[in-house]
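Here's the structure, in structure tokens; my notes come after.
Think of it as A, B, C and D in the order they're written, each chain with its own count starting at 1.
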Amino acid sequence: MTETTMEPLVVEREETKSGFVGQSIPRKEDKRLTQGQGVFFDDVKRHGMGYVHFVRSPYAHAKIVSIDVSKALELDGVYGTLTGDEVAIQTDPFFELSTPPGSEIKDYALAVGKTRFQGEPVAAVVAATRELARDAAELVEVEYEPLDVVVDPEAALAEGAPILHEDAGSNVVWSGVFDWGDWEAAKAEADHVVTIDYLHFDRFSSTPLEMSGCLVEYERATGQWTLYCNHQMPGVGAIWMAPAMRVGIDKLRFVTHDIGGGFGNKICLHPYYVACCLLARKLKRPVQWTEWRTDQHMANSHGNERVFRDVEVAVKADGTLLGFSCRAIDDCGAFPRYEPLGAIIWSQVTPGLYRWRNIRVDFTQACTNKSPVGPNRGYSRLQHLWLTERIIDIVAAELELDPVEIRKLNYVKADEMPYETPNGCVYDSGDYARCLDQALELVGWTAMDERRRDAESRGKLLGVGIGSTLDSGTNNFGQSTLINPELQFSGNNEVATVKLDIFGELVVTLGTVPQGQGHETTASQVVADILGVTPDDVHVRPGHDSFWNSHAGFSGTYASQFAVTGLGAVQGAAEKLAWEIKRVAAGVFGAEPDDIELAEGQARLAANPEAAIPFMGIGAIVNANNAILPMDVRDVTLNVRHVYVPPFQLPDKERKFGNLTLTYATQIHVCVLEIDRETGAYEIVDWAVVDDCGKRIHPQIVEGQVHGAWAHGVGAATTETFPYDEDGNLLTANFYDYHVPHALDMPPLKTGHIESPSPFTPLGTKGMGEGGGGAIHAVCAAIQDALRPVGKPVVYDSHNPYHRVWELMTRPEDSRKLVTVESR
Amino acid sequence: MIPISFQVNGETVEREVDPRTLLVHFIRDDLDLTGTHVGCDTGNCGACTILVDGEAVKSCMLLAVQADGTSVETVESLAGDGELTRLQQAFSAAHALQCGYCTPGMLMSATYLLRNNPEATEREIRKAIQGNICRCTGYVNIVKAIQEATR
Amino acid sequence: MLLREVQYVRPGSVDEALAALSSHEGARALAGGQTLINVMKARAASPDVLVDLGRLDELRTVERNGDGGLRIGAMVTYAQLMRDSTVGEARPILAEVASQIADVQVRNRGTIGGNICSSDPTNHFPPLAAAQGWRMHVRGPEGERELSADEFFLGVYFTAVGPGELLTAITIPAGGSDGFASVTLGADGTCIANAAAQVRDGQARIALGCVGATPVVVSSPEDVRTAAMDPPSDVHASADYRRHLAEVCARRALEQAA
Amino acid sequence: MKLEGTRSFAAPRGTVWEVLNSPHQMAEMMPGVESFDVADDRHWRANVKIPLGLGGMRMSINFEKLEEREPEFAKLHAKGTGVGALMNMETAFHLADGEGGGTEMRWEADVRIAGPVGSMGQRVLQPIVNQQVQNVLGALDKQVQQAAGT
């Protein structure tokens, strides 16, 4: 077995710099987390609290005829219940982002009148213990009248399909055509037009190990709710919840501490949280809800499933790609919630990594009787990037082109950066070809033929696949206006505060809501360098408390942006504080602020380091001894706030054109796998990934994100899937059937990196972490490569369990039918 | 309710328990040792791994009554004297944790491995943590950390 | 998670266990609990009384029979099978197969008796039991019965162990050579298809798992195609694919045995 | 999940019809019936505990007779609740005179299970349902024999 390579084999541009930024210092979070002292929401208890258990619909689509909670209420230890009828009276539907018909959809905390997916909560019960709550939930009698079910998005759009939302009158949430360049001209100019009838990006989710939940306290005196929870974007949660609950946004206090993974799956928790808030108010006691694994799989949020139809690709004889067109049908499940943002978010990476200029996508999003979707690591871009990577490999296979050469020929070049895409996005920096070369070298590209022969001698088919992706980070929320011109969102922002306390302690609060990304550590590195202290001297408050932590409209941890927005805010705040400290010291020494340097926890005269005031002294002077300060320094508070606002413009709504994200990190994967000729079972035997996310604040954390994104991709490509039967039963509602790769499933990993600093961000960093699904693309490509000798089947699905591989290899003609080449 | 008496991290615990209470819930809710986590409802994820009489087990597949008369070790026992164990230090040094939710179970599985096989190979390490799901790290740095701790 | 109400008893002897099992119709034996407790968490099955066999050390022994076979107590864990030197010498396949079941934690609790009594078609030991001619020793109020695999496995989650009865041990006749092969969901994961084989005096006996409610026995891989299988179609494999895998597993198990 | 089959009985059609249409005889046939109430001749309700090795799976089942054409055709609907699951079954049987005064029965059933148990997958459910159907048919044989004997 190849030894796992932990350190990058090739390190480009090694920079020696004093300071903590760029160093993999020990994480601040680790001390508590390795001792089991992390505080996750389910660890929080309150006197007299009741446990919530949701009664969930076993039907994917049914009319609710009646709900009878009387037997549940008779059980000893039951505190009360909540039903959809109460919810419909006490709250308004959550606002919808879409234009009609999607905007007409009514989404409440509990099902009102009918249920639209299996696992949808129809009632809630609160009891003294978790077990009793479940006992009581079983006693709630719900009479359903089953309705016809539709689980396929294309079937949902067909004439006569069962309609999920009568108010919308259609299963269409949103549709629109994206048309950039001149597709018809490109097609006319092409030497080959490759048509792919059908591609399917599968449904899965990152299934964070910690389930969703909250503990809610209601204070009657002030009408205020406190939610100890694990919402990863509470600001947005509040924007959904407060209007629906008919209260001001300040009535909702969100407190998070440690969160056991989010990956986007903890953004759409508002229906559950509203139900818990109503229960806490109704029952006059704290209530606690912990989702169970089966619940999470059935009814939390899945990643978007997407079908691509009639994909046409215009190619020149030498392999130059001119453009493509397709229809995309996105399946958002029973309720849009965060959607239809996914209908635009993909266009952050419209051309993928390639230079084609003529792209036309006819996009429709449909509702089906399945779990609602929500943002999921790589949200909406990985589906589209998978499409572009599939196109490249299918085109290469059909035209007998080398998958490496066709990529290099068509990749956006390093010297073209910053590069404006056909839809106005600006790729800030990067060198894709160099990343690819490095990845190929790591995996031993030149020895691959020998390895193929060796595999063959063991009854195996060896395949190599490339997955090249972009991780677009720092959203311009103006993109929402491209789906709904009425929406009043644009730009982005993030907040941090840094203060120097009375005894010299440096305290940082973040607007973000970390779930494992090490924000406490990286923020302390940035602050330490600016203030001349060590990260140990900087206390970054763990978690997020919306009453403590200053935050802005887009605060949260999502969409690969902390290294830009979060640390941009931290940097700004630390610089402001540095200036205040210098002014205080200058005031004391009768010098100018520019004469002061900050080092070793002191403010001192640069010309005479002996003249120094420790930070403790500065803190004491401003907070407790400020009469000694000159009048012009008395505005100093040593408690500063900075809002980082990226330089965005409003996009052009007509042309759907504009810069939608600030940074573009790159990940290039190369997967090597072996398929058992007799069974279709396969094993991933080697893997290399090269990452470029600009300046790296904490290389180890960056690598960790690369590892995680890789693992999610491998899972999605191989054993993680959320399939439904025709009745709308989810078939993988637990970790038995939804197989998450474990340590034996994951091959050794070789990693490398280059650094192309972003010219657009304060620290030269780029957002990263989502990874763009690179591993999915690489596995698909490797399977297709391995199967070339057995009839050259076409890998048409993002998820390829053994049985699908077996079908591909035994009936290659079935998938070959999907592709035609018209050569002129 | 059934009376039980057992050792938890070296201290005697005597309580009455409802037979249907799972050991993991007893540890978390009754003993307030919240380092032991719940990540699934089918015994697959290993976040609830503890040692019972020195054997690694999933505490969601044991009833609290079954712990009667045993000696239980949870993650809280590892740095009992305030000093992180070699393994805990290696986890931090190798960045073997991100969100930290799987970490307690992972540490207990690794502790069990190292007690029984202090010179485990990479393959043995992977096999030893196969019952512990991590969604953040792809296991790369977890394997590395345990390797560090074997040296 | 969150079980229904249940009573619990922990007998100190097999006789006490039998008495407890007989005293209540809804009583069930709790062995390692690695299946039963999960099923109870799903509230799919709900025994009224759990009779915990955990302290019955008399069921945790491995012995060599006079005829060179093995007698294995029903409460012997997978981990015990893996490290037991008698097993290692007499029937190393048992240790090899045990090491592929689930994970370390489950192997520390899960028992050979539980594996066959739960009679899940994807389990590892039922095909071995059928291929190797295990005898299941079932004790009840009327005394002890001895059953072959054919008599023992009745259906999914369903065996010949009746109310008030208890599987106490299995005996494995002195063997020829053994093999086991599987295709799993993830490395060492749930079996999508599996097969066990034994060759003794030139005679092959192959038992297929995952393709019916109970193990399907054939005498050669060529017979798999025509064997009376009823493989389920599910998210991991279609019935046809399972049939094909059964054939491959049969051949591989036999190759290992031969 | 759709199931179907045929079965021959060594008893006249009328006898088989009677057994199949008597709620009480029906109750005797079903595995694990704990209680049985007849509301009227078209509706009845059973509490069952389907015996599995791991412990019983409890369900409360409501039966409704949808259609009958004595003595050749009947259609039943059964809806079961319990264990966080819902079972919906529609079953129909056609009776015809068989050889030697016997009866030929052709039956079909469409069983749908929803909820978390439904989600556990066909792997487990399909064989369990098959098993229960075999039990019911076996019991039906016995009942018919008894009825024919008396």
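Simple rule for what comes next: contacts are C-beta pairs under 8 Å (C-beta built on N, C-alpha and C of every residue); 3 or more make two chains touch, one makes a residue touch a chain.
Values in this document were obtained by computation on a predicted structure and should not be read as measured data.
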{"item": "Of A-C and B-C, pair with higher C-beta contact tally", "value": "B-C"}
{"item": "Intercentroid distance (Cα basis), chain B paired with chain A, Å", "value": "29"}
{"item": "Whole-Å gap separating chain A and chain C, where each centre is the average of the chain's CA atoms", "value": "43"}
{"item": "Chain centre separation (chain B, chain D; CA means) in Å", "value": "48"}
{"item": "Residue numbers of chain B (touch at least two other chains)", "value": "18, 20, 25, 38, 41-42, 127, 130-132"}
{"item": "Shared-contact residues (touching 2 or more other chains) in chain D", "value": "84-85, 116, 120-122"}
{"item": "Chain A residues counted as touching two or more neighbouring chains", "value": "130-131, 138, 292, 294, 731-732, 734, 736-737, 742, 744"}
{"item": "Interchain contacts (touch definition) - all pairs", "value": "A-B, A-C, A-D, B-C, C-D"}
{"item": "In the complex with chain B, residue positions of chain A that touch it", "value": "1, 3-4, 6, 24, 26-27, 29-40, 42-43, 45, 130-131, 206-211, 258-263, 290, 292-294, 515-518, 700-701, 703-704, 707-708, 710-712, 714, 734-736, 740, 742-744, 746, 749"}
{"item": "List of chain D residues in touch with chain A within their complex", "value": "82, 84-86, 88, 112-116, 118-122"}
{"item": "Footprint of chain A on chain C - complex, ascending", "value": "1-5, 42-43, 103, 183, 185-190, 192, 234-238, 241, 244-245, 248"}
{"item": "Touching residues (chain side chain A, partner chain D) in the complex", "value": "56, 58-60, 118, 138, 144, 146, 294, 298, 725, 727-734, 737"}
{"item": "Complex interface listing, chain A residues touching chain C", "value": "130-131, 134-135, 138, 292, 294, 678-679, 681, 719, 721, 723, 731-732, 736-737, 739, 741-742, 744-745, 801-803, 806"}
